[in-house]
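A, B, C, D, E and F are the chain letters, set down in written order, and residue numbers restart from 1 in every chain.
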Amino acid sequence: MKTALYPGTFDPITNGHIDVIERASQMFDKIVVVIAINSKKTSVFSEQERADMAVESLRHLSNVEVQIHSGLTVELARKEQACAIIRGIRAVSDFEYEFQIALMNRKLESEVHTVFLLPHEKYTYLNSSIVRELARYKQSVDEFVPPNVAKKIREKFDY
Amino acid sequence: MKTALYPGTFDPITNGHIDVIERASQMFDKIVVVIAINSKKTSVFSEQERADMAVESLRHLSNVEVQIHSGLTVELARKEQACAIIRGIRAVSDFEYEFQIALMNRKLESEVHTVFLLPHEKYTYLNSSIVRELARYKQSVDEFVPPNVAKKIREKFDY
Amino acid sequence: MKTALYPGTFDPITNGHIDVIERASQMFDKIVVVIAINSKKTSVFSEQERADMAVESLRHLSNVEVQIHSGLTVELARKEQACAIIRGIRAVSDFEYEFQIALMNRKLESEVHTVFLLPHEKYTYLNSSIVRELARYKQSVDEFVPPNVAKKIREKFDY
Amino acid sequence: MKTALYPGTFDPITNGHIDVIERASQMFDKIVVVIAINSKKTSVFSEQERADMAVESLRHLSNVEVQIHSGLTVELARKEQACAIIRGIRAVSDFEYEFQIALMNRKLESEVHTVFLLPHEKYTYLNSSIVRELARYKQSVDEFVPPNVAKKIREKFDY
Amino acid sequence: MKTALYPGTFDPITNGHIDVIERASQMFDKIVVVIAINSKKTSVFSEQERADMAVESLRHLSNVEVQIHSGLTVELARKEQACAIIRGIRAVSDFEYEFQIALMNRKLESEVHTVFLLPHEKYTYLNSSIVRELARYKQSVDEFVPPNVAKKIREKFDY
Amino acid sequence: MKTALYPGTFDPITNGHIDVIERASQMFDKIVVVIAINSKKTSVFSEQERADMAVESLRHLSNVEVQIHSGLTVELARKEQACAIIRGIRAVSDFEYEFQIALMNRKLESEVHTVFLLPHEKYTYLNSSIVRELARYKQSVDEFVPPNVAKKIREKFDY
């Protein structure tokens, strides 16, 4: 069985993430969406909230599960016997940062390969930070996130 | 069974290509290396020569096969029931051209996903064109291609 | 009256071009689409065919006209008393080439400014060359060009 | 009447900004320079100081006005019935960030188009942050900002 | 005598830095490695620790010295009568930031030229920040830094 | 004595090249400008014409000489005992191509380092190809090349 991890902050999960996960779920037998606990970045949603939103948004994909994880991604990869780490790559600015992370992961665990997938072009300039920025101004985010996430955002930002 | 295609000109196959294929062969059940016939580009080696070099260079990978193909990659993907097209991506300059090809392939066949893999960093600035350039000046290419390819290059360029 | 030129090869005009022209037509009083005669590049369609397709595709925009022009764009800008040259910019690879052209035009005619517009993100990786490539393989281009252009393409490529 | 907004932090306004505004003022009937209040970034100059410096630096342009604005740029665009948001784009690193902002603005208000202008090449690597860095070391900034701004900087940084 | 400065944070010095210094030491008569005191960035190692690690790592290069410096690099260049400032450039993301710094330095002191050197390709995606990140997770950094630095890192991060 | 090569096509030499050579001549004891004979590219000027223009444009620099060379740059580097190959780097698009060339040269001759210099920002978007394009339309090139080159261009393009 081929397992792949898809790590990220998912603060919150967007339609771009979901698009990547749907593609990955067709290529691998099992996908683990990894909600990273990043002590350096402060997130709008708690890790439990982020995980809950992801679980609900991915209910239609039977071979996808969600885990909260603190520590190195490759350690989880070893534990899950994953052969791949999936990253969505949308634009040049993503590219070099992602390459550095991929290098670090390869040095730590040479048996786990980083796989870059291309989200649909309508998500090229979408990320969680734009969604949070819109939420801060109490603007609709319905086009960018699934309905359950849009609802949580309106609750959190009170609009 | 998950099959992936790895299309290219392979004029000739380099250690960078082989590195990508080795990674891919650990993630998919079957890899088809597709020697593309490109009527617009003139190649140094004939398609049969390119295929022969690839076959010999990949003998150690039991789930990899080599095919010569003219026409659209997605047509072969349909025929082989492949779920993925693999591309090595080394640098920013690769990136946008690859995205255009990936878009075209997605429009033509939405069930086939393009997967980008990162060759080892020692191959970051290696490509077939540098190998051919070195050969033209009768320089050693032993560091860049497997021995069987180096031998063919010396025969072709007569040194 | 503020006039802007939109020069290009338009071989053929695509939905991405039309998207840029629609935006421009809302910002300027008059847009001149300039079909460039480029002696160095061979085009699939003659300049008259390219102009005819553009005219028909832009019929819904009353302040847009189409001209065939050989020579420097800034000379036409002077003749038309245009204050701007419009360029669609989609991706980093466009960027530097466009900057060189903009510099050259500015040196030649400092009163004409180059204006970069962003086509809709669904056209980010679309260009005329992809359309011609699809046509060569007798694939549908209906998603990328208006119906009148799709018809001409099928005639030209005989499918 | 065609109105365009030119939003930014302008902390402080530089010769590069002024170059962009001069170009824009020849293409549109009215330019509103928008001094953004950004609660997340701390600025060296207060918004009133930034606006005062901009007003004085732009006195020679009769169709340009300066406004302080907090909130989304597109809301001001609606209020001012602007058809365009102007952004100076100097280098690849600007590019993708600007595209994200342009996307967000387009989603929020599809009738307002983002227009990218190219400052003179002598300003390619100039930005407000370099000016503030020079000021911190009490170095001359006369080459980068107009005299009134240079004077304010020397007062603020006490040299 | 041709002197060149090589300024940086060196928090800590890596094999990539050392590779650049070795190359530079063959081209110039004297290299001064400048440990920058940056009041805005907090460093893991104190400037004295960073200097000590650099001195020990560069003992094999007789024409290299290490200095701690606060203030503008060009001021030290004047004092040392240096003709060049050396920067390692590894990837596109380095490029534009480096160009801004180079511009600022050129404006301040036109006689000092910035020289970009290319570290060995195996260091393309290596930087001090990756090393610190690995240290935080108590992972081996032996492949990325010389032995004396690896030892200091294990002491500092307690593993 | 430290010698550096500056190879290129110089078809023709521009003010941007000369700016790079002036900088290099202050850092190295001797600069050899290498007029490359490239059998694959057709040049407007013969190699002798290109060399003559370079010699005349560089008369003010006593430690610079011009050579015509066919074959690998590193072979000339060995013969001249050069420690460096100089390349002007102006923009991101230059970057990756230059890196590939630098890699190839390093593999062939590890003692010769590639040094990237930044031309003055006013030459950022200048290259020989823009100069030739202007010449083709019989436009003034006086701003881009020294007077002796401008004269030769007018003779060659007959204006």
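Everything below uses one rule, namely that a contact is a pair of C-beta atoms (placed from the backbone, for glycine too) under 8 Å apart; a residue touches a chain by one contact, two chains touch by 3 or more.
Predicted, not measured: the structure shown is a model, and the values here were computed from it.
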item: Set of chains adjacent to chain C and to chain E; value: A, B, D, F
item: Angular offset of chain B relative to chain C [C-alpha, multiple of 5 degrees]; value: 120
item: Distance from the mean Cα position of chain F to that of chain A, given in whole angstrom; value: 48
item: For chain B paired with chain F, centre-to-centre distance based on mean C-alpha positions, whole Å; value: 35
item: Interface hub residues of chain A, defined as touching at least two other chains; value: 92-93, 96, 99, 103, 121, 125
item: Chain pairs in mutual contact under the definition given at the outset; value: A-B, A-C, A-D, A-E, B-C, B-E, B-F, C-D, C-F, D-E, D-F, E-F
item: Parts of chain E lying in touch with chain B, wherever the complex brings them together; value: 92, 121-122, 124-125
item: In the complex with chain D, residue positions of chain A that touch it; value: 91-93, 125-127, 130, 133-134, 137, 139, 143
item: Complex contacts: residues of chain A adjacent to chain E; value: 71-72, 92-93, 96-97, 99-100, 103-104, 107-108
item: Chain E contact footprint on chain F (complex, rising order); value: 2, 23, 26-28, 83-84, 89, 92, 95-96, 99, 102-103, 111, 113-118, 121
